[in-house]
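These notes open a run of structures that come right after.
Each of the next two complexes has chain A plus one other chain: chain B in the first, chain C in the second.
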Partner chain A sequence: MKKYLIAGIVSLLFLTGCWDERQFKNVKLVLSLGFDQGEEGQIIQTVSIPSVSRATEGPGSESLQILSTSAHTPLQARGKIDRMIPESYDPAKVKVIVLGEDLAKQDIYPILDDMYRNPRSNLNAYLAVVEEGTAQDVISMNHTGATRISNYISGLLEAAVSSTHATGENLQLLCAELLEPGIDFSIPLLKIEDDGNLLTFSGMGLFHDKTYTGEKIGAEQTTLYMLLQGEKGRVARLTKKIDDHGKDEILDYITVSVAENDRKMKIENKDGEIAVTINLDMKVKIVEYPSDHLYVKGRIEEIGKKLSKKLTDESVDIISQVQEANSDVFGIGRRVKAYHPEVWKELDWREEFPEISIEPKVKVEIIQHGIIN
Partner chain B sequence: MVGIFLFIRGKLRLGDANMGIFTRFFRNNRDKLADRHMSEPSNEKERPSSKKLSENVKYILDAFHQSNDLKIRVLKKGDAALLYFESLAEHEKIHEKIFAPIEMGHTEDVFHLPNAKQTNDLEEVVRTLLRGHAIYMEEGKKEISQFSVTSSFGRTPEEPQNERVVRGAHDGFVENMMTNINLVRKRVEHRDLTIKYFKLGKKTNTNVAVVYMDGIADPMIVQEIETRLHSLDSDMIHSPGHIEEFIEDKSNSPFPQMLNTERPDRVAANLVEGRVAIMAEGSPTTLIAPATFFMFYQAPDDYNMRWFTGTFVRLIRLFSFIIAVTLPAFYIAVVSFHFEVIPDELIIPVKASINEIAYPPILEALVMVIIIELIREAGIRLPAPIGQTIGIVGGLVIGDAVVRAGLVSNLMVIVVALTAIASFVVPSNELSTALRLLTFPLIILAGTIGFIGIVFGMLFIIIHLTRLQSFGVPYFAPLAPLSLVDLKDTFVRLPMYMMKLRPKDAHAVKPIALNPSREWKNRDEQNQSKQGSGGNDQPSSTDDTTK
Partner chain C sequence: MTNPPQQMTQQNEQKLSQRQFFFIIVQTQIGVGVLSVPYELHSVAKQDSWISLLLGAVAIQVLLVGIWFVAKNFPHDTLFTMNDKMFTKWVGRPLSILYIFYFIGVGTLIILLFSRMISIWVLPNTPLWVMALLMVTVCMYMVGGGLLVLGRLYTMLSFLLVFLLCLIIFSTKETHIMYLFPMLETGWGKIFAGINKAIFSFFGFIVSLVIFSKVEGTNKQKLKTIVMAHWFVTLFYLFTVFASFTFFSTSELPLVPEPVLYMLKTFSLPIIARIDLFFISIWVINVATSFATYLYLSSLGLSDLFKRHSQNQWIVVVGICVFSISIYIGLDMSKIETFNKVVTYSGYIFSLTLPLIMVPVSYLRKKKDKGGAS
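Then we have the complex of A and B:
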C-alpha cells in the first residue's frame, strides 16, 4: 500500500508540468499604454515594447517597438497586437496609461475595466491625458528626455507630485473616485511641444463623473489648487506678484515655500442650501524676494496680508473654474452625504454642485525668510 | 639516599593502590556491561591460568590467532616469559617499569615490582594485552603480572580547523579521550562533574564517556542517554558521528539533533548549562545533547564580543538561514511566476539578463547549485594549493564562462553564489549541509507552483522543526514552545550578567545560573547622586552608615 502511495506521489511530480507558469523571459513587457478615439466608435491602442538584448558586460542594448491598432475593446486590441509580435505581451508592469483628449471626453471606465478585473495588472500605473493631441503621438514621440517614454512620463508626473502640482493618482486611488457620485477627480494633462520633442505638464484636467470636461487648472495654479485640496508634496512653492513698483518688474514678485498647510472644510446646511467654507492656513518661508527690506518693522506682516488676499482671490478663481466644470474634486458631495444625509437624498448633486456657495479663506503666516534679512 | 628511595617507593605504592581501585571499578563496570550485552562467549567467561607456562602461552597465542606482532620474550632460561604487542607497547616503558627496578636491585622477583598487577584470569590477560599492557608469567606460578606500558601517539590540543575563533581559547580536543576529559576537567573544576565510561562496539571495544554535571543536568536525560547507549549493539563504533545515528531521536530528519564540537570551552559551557556530553576514544568530536536548533547558530566568539556585535552577528547568521534556504526558490518563483514583484527600475535589467537563456530557470538553478556543490566537494579534501586551483577554476572560470556562454544568467550566478555563502555562515558544518540539502525541494516546489510552493515547503519544514525532539526536549525551543526569557541567547545575545537563568530547553535541575553580580553599579550611582546634590543630607540613602 505504502509502495503504491509513494509511486503515485512520485509520478505526480512528473505530471505537473508547471501549468500556470509565466516565464518572465517569454513575455514582452509593455511599460506604457496609450488609448485614443478611433473611427466608428473604435479605440486605437498604442503600446511601446522595449526589447533588450543581453550583453556580457554592462547593460544590454535596448530597442523600442511601437505598435498601434484599432479595435472595439482594449483586450481585442491586445489580441491584435499579440499577432504582430513574437511571444505575447503582458501589461503587468505598465507604468503609465495615456489617454487621448478625445477619448477622455467620453466615459473612460470601459477602457480601464480590464485593468481592474485582472488581478495581475499594475494598479500603481499613472494615468494622464494628452491635451490637444493623441496618446499615439505621445507614445511614439521622439524624445530626448529619458531612455523610455514610460520613464519620461512617470518621471514627469512624479516630479509634479513632489512639487505639489499633481495628486499622483494611480489606477488604485482613482477607482473609488471614478465610481462614487459624491467625489470627482482631476488627471494630469500632458502637452507635446517643440515639434514633438518635448512633453510638458500643462495642468490638471477636471473630470466630471467619468468624463473629461475639457476644463483645466493651468500649471501655474495647480499648486494652490492642490493646497486647497489639502495636499502638499515634498515642496510647494508659490510665486506671486504682490507689489507694483512699476520700474523693475522682477521686484514685484515674491516666492514662498509652504512649510505647513492646514485646510479645514466646513459644510453648513442652511435650509437645504449647502454653504461651504474652505479655510486654508499656511505657514510659509520666503525663499525669494529681491525687493528685500524685510527688517522694516511690520513689513513681514504686510507681505503676509498681501499674500493672503492675493491667494484668496486666486482661490475664488480656481473654485469658480471647478464649479463651472461641475467637477467636485474637493469631495464635498461625499461629506454632504455623510453629515447631511437628508439633504443629500433630496438633492441632485450633479445639478446642485455648480450652484452652491464655496467660500475660500486663505491665511498666510510668514515664519522664515532665509538666512538674510 | 635510602630514605629518598623508600619515599619514592611508598609513593609509588600509594599511587598503585589508587590505580588498583580505579581499575577494579572500571573493570567491574565493564564486566557488568559485558554481562548485559556482549554476546560473544570468549569475552564472557573466566579462564583460570594454569601453573604450566607453556599452556598459558599457548592459550594466549591461540586467543590472538598467532598474530605476528605479539612478542614473547623468554626469560630465566625458559622459566619465564614476557608477552606484549610490539605495536602497542613501548620498549622504553618496558625497560623502565620492569628491567630498570630489577637492575637497580630493589627486588629479584618481578611479581613484587610495585607497578605490577596480579591476576589469575587468562581472559583478563587477553583484554589487558589489547590495551597495551605487557604481561609476565613464570613456570610453576599461577599469578600473572601485568604492566601498563601502552605507547600513545597523540597530537597536541590544537585549535580545531572547523571551529576557529578570533578571541577566546585556542585549544581543541584530540584523539585521546583522557586528554579530552582532562581539558574539560581543567575548565570545570567542580566535584559535580561526573564521567561515566562505557565500552561500545563488540569488535572495536571503544571507550565512550558520558560527561555531565550532576545536580544540574536532568537525571532523566542522563538516564535516557545511558539507556540508548546500552542498547547499542554493533561490532564497530569509531566516532561520535557513528554513535549519533544510533541514539538520536529521528534519523530521517535533515536536522542534526546533537551538537558536534571539538572545542573544550564549548563543551564546558554546555555542561554547566545542564547538557550532557558524549566523548569517544579516537575522535576529537564531542556530542552535546540535548540540542536545539538555535544552538547551532551560537558560536563561542559571540560571548567574547561586546553584546551589540554579538547580537548583530547572531542576527546575520539567522538571516543567512533564510537566504540559504529560500533565495534560489524565491528567484525562480519570481522569474517564472510572479514577475510583477520586481521593482520597476529593475525590470529591464532583469529582463535583459535572462532574456536569451535557453533553459527554464529551475534547470538553471539546479545546474548552478550542483556545480557549486561539485566545486565544494572537489576542494574540500584536497591539499591547500590544489584546493586554491579548484577555487579559481570553479569560481572564476566556470562562473564567468557559463554566463558569457549564455548558459546561465548572471543573476542566477549571483543568487546561487549568495546562497552558497549564506549556507557557510552557519557555525555548524552539520546544519550547513542540512540547509544546502533543503534548498533542492524548495527549488522544485518554487519551479512548479511559485510562491505557493515556497510557502508550503517552508510550512512543512517549520512543522517538522516544531515536532522534532532531541532527547525529550523540543528542538525548536525557545520559539516553539515559546519562552520569551530564553530569547536572551537566541536571536540576540544580551549581556552576560542578564543571563540569570539557564535555558529551559536543557531541563536543568538548578535553573538559576547566576546571582546579581553588578550590585556595585547601584552603589556607584547612589554615590554619584549624592555628590550631585551638593552633599545635602539624604536620610533615605543606605550608604549613610559608612560616614
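Then we have the complex of A and C:
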C-alpha cells in the first residue's frame, strides 16, 4: 500500500510539465521586431523568422523569412503573422525592437505594453529608432555578411554601448524614464546607408515625454554626451582639434581615451529660477597625437587646458541641442522635484526646461601619453 | 498518512532551541507577501512609505512585548489552553475555535496567493488544483514531523534568505536614490494611513504566542529572540522596499504589483537568463514554510480542543479543508480579493485586538491564582 502511495506522489511531481510545456519544435523564435506607422492609425509589424534546416553533413543552412503585416495593435499583428507560418511565433527571446521614425514620433508606450505585461517577454531587449526610414527596411535589409539581422543590430548597439556612444538602457530601464515626469531619455538611431547595404549607428535620438522629438545628438558628439550624463562604457575615446597650425591638418588633432570620469551635477534654486552646473572631471590618456613634442615642459598642461576649453564649448553645444528638443535627459526636472519640491510645484517643466541655464564645466587632466613622448 | 510512523507526536519531549524559535518566527512572517510588500506600501504613502513600515514595526514591537507578557504568565500552555484558563471554558473554547478558523483562513489565503503568482508568472496553463495539491501535501508531510522537525527545517532553509538578499542586491546596480525624494511629499496623514498596510505584512508574529511554551530558555531570552526576529524581518522588508523604490520610479511602481520579481526580470546572468524564475523557485520554499506554520497551528489547536485524537489526524483534516476551500474560491481575481480582505481584517481581531485584551486579563488571572494559592 505504502509503496503505491509513494509511487503516486512521486509521479505527481512530473505532472506540472504537462500543461505548460513549450516545445522548441512548435515555436519560431523571433529575435528582432520592427514597428512602423501604417495607414489609418494602424501599425505595421515586421519580423524576421530564421529557420534552420539540418543538412546531413556540415552545418545546417539557415533561411530567413521576412513577414510584414498591418494591424491595430502589436498582438493583433502577431496573430496575423501566426496565421502565415506553420508554427506559432514566440517573442520571448527578442533582442532588438526597431521603431520607424514616424511611429516613434507618437506615443511609444502602447507599442511596448505587451512586452511589459507578458511575464515571458524579454525586458532585456534594446530599443532603436530608424532615422529617415522604416523599421521594415531595416529588418528586411539584405546586408552583406553572414550574420542575422538581429545579431547585426544588437551587435551594433552593444558596440555603441561599450564605446560610450549609447546608454545601453534596455526596455525595463527605459520604462521608468518613460513614465516618470521630469526625466526624458534618448534612444540609439540607426540609419541605412550605401543603398541598403550598410546599417550605421547615427546618434542618439532625443525623446520628450513618450515621443521622439526628431532631434538627435550626432554620432560624433555622443561620447561627450554620454560622459555628460555620467555614463562611460568600456572605452571612451574623443578626437578633437586643438591646434590650428594651418599646415598639415592631421597634426592639429589629438585623440584621448577617458580613464576616469567624474560628473557632478549641482542644481541651485535662485528665487524660483533653476540654475544647473554640470562639472565633468576627466582623467585621460593621450592615445594619438601626431605632432608629438610632449617632452616640452608645460606642453601637457597646455594640451589639457586646450582640451578642457574645447570640450566645454562642445558641451554647451550639446546642452543647447538638448534644451532645444526639450528633452530632459539629465533628469534635472526629477531632481528639482526631489530636492526643491516647492519650486517644482510652481513650474511647468515642459515650458521651463528649455529656458533654464545649464552651465557645463569640463576639466581634463592628462595622466598618460602612451609609450612615446 | 504520508509520514513515517516513527515520528508520531512526541514533540513535548524536547523543546525548541532559541535559534529554532527565531527562524520559525522569521520564516512564518516572510512568505507570500514579500514579493508585493513594496507595492502594497507604495499604494498609500508613495515614496515615503518606508517611514510607514518603520512606524508599523515600532507599533508591532510594542504589541510583541504585550504578547510576551501574556505568554510568560502561562509557562505550560499553548494559546488554546490559555484561552480556557483566561476566559473560562465557555468563552475560551469558542474563541479557540475562531482562532483555528482564522489560521485555516490564512493558510488558504497563502495557497491561493501562491497559486495565483505561479499561474501569472510561470505556469499559466497549469490548473489550480495541481499547484494547491502539491503545496498542501508537501506541507502536510512536513508538519507531520512535529514542531521540532519544523524548527530544524526552517533553520536549515533559512540560508535561502541569503540567496534572496543576494539576488536583490544584484539588481540594485540600477538604483536612483533621488526617487526617494521629495520626502514627506504625501504628508504625515498618508504615512500614518500606510502603517495599516505595514502591519499586514507583519502578521504571523502570533506564532510566537502559540508556541511560546514549547521553547526552552528563560522568559527574558525568549523575549530577546522574539524582538530579534521581528527586527530581522523589518530590516529584510525595508531592504526590499528601498531596492524597489529606488529602482522603479514613483509613477511606475503603481503599475507593478510584484516589484521585486519585475526588477529581476530586467537583468540576466551569463548562466541564468531569467533571474526572476530562479527567485520564484526559492520564494516557493518561503511560502511553504509560512503555510506549514499555519497548518501546524490549526492542527495543534484542534488536537488541544479535542483531546481524543493525535495531531496527525488533524493535519490531514486541516489540509483537506484548506485544499477544498481554495478550490472552491478559485483563481478568480475579485473572489481572491474579497477573501484577502476578510482574512486580513480578521487579522486585526486575532493578531492585534485579542492579544491586547489578553494582557490585562492574563495579569488579573495570575494575580487571582496567586491570591488563591497563598
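The rule is simple: the second predicted complex is superposed on the first by the 349 of 373 C-alpha atoms of A that agree within 3 Å, B and C clash if a C-alpha of one lies under 4 Å from a C-alpha of the other, contacts with A are read in each partner's own complex, and residues count from 1 in each chain.
Following the convention adopted for this analysis, a contact is a pair of C-beta atoms (placed from the backbone, for glycine too) under 8 Å apart; a residue touches a chain by one contact, two chains touch by 3 or more.
Because the structure is predicted, anything quoted here is derived from the model rather than measured.
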item: Contacts of A:Pro341 with chain B and chain C, given as first, second, both or neither; value: second
item: Which of chain B and chain C A:Gln65 touches, first, second, both or neither; value: neither
item: Which superposed partner A:Asn197 touches (first chain B, second chain C, both, neither); value: neither
item: Partner chain in contact with A:Leu179 - chain B first, chain C second, else both or neither; value: second
item: Which of chain B and chain C A:Pro50 touches, first, second, both or neither; value: first
item: First (chain B), second (chain C), both or neither touched by A:Ser357; value: neither
item: Which of chain B and chain C A:Ser320 touches, first, second, both or neither; value: neither
item: First, second, both or neither for A:Asp20, with chain B first and chain C second; value: both
item: First, second, both or neither for A:Thr239, with chain B first and chain C second; value: neither
item: Overlap of chain C and chain B interfaces on chain A (superposed complexes); value: 13, 16, 20
item: Footprint of chain A on chain C - complex, ascending; value: 2, 120-127, 130-131, 133-134, 137, 174, 176, 178-182, 185, 247-252, 255, 262, 265-268
item: Chain B residues touching chain A - in the complex, by the definition given at the top; value: 334-337, 339-340, 342, 344, 347-357, 360-361, 403-404, 406, 444, 447-450
item: Chain C partner contacts - residues on chain A that touch it in the complex; value: 5, 9, 12-13, 15-16, 19-20, 116, 119, 123-124, 170, 172-173, 175-177, 179-181, 183, 331, 334-335, 337-339, 341, 344
item: Interfacial residue positions of chain A with respect to chain B in the complex; value: 13, 16, 18, 20-25, 27, 29, 31, 50, 52-56, 59-60, 62, 92-93, 95, 120, 122, 148
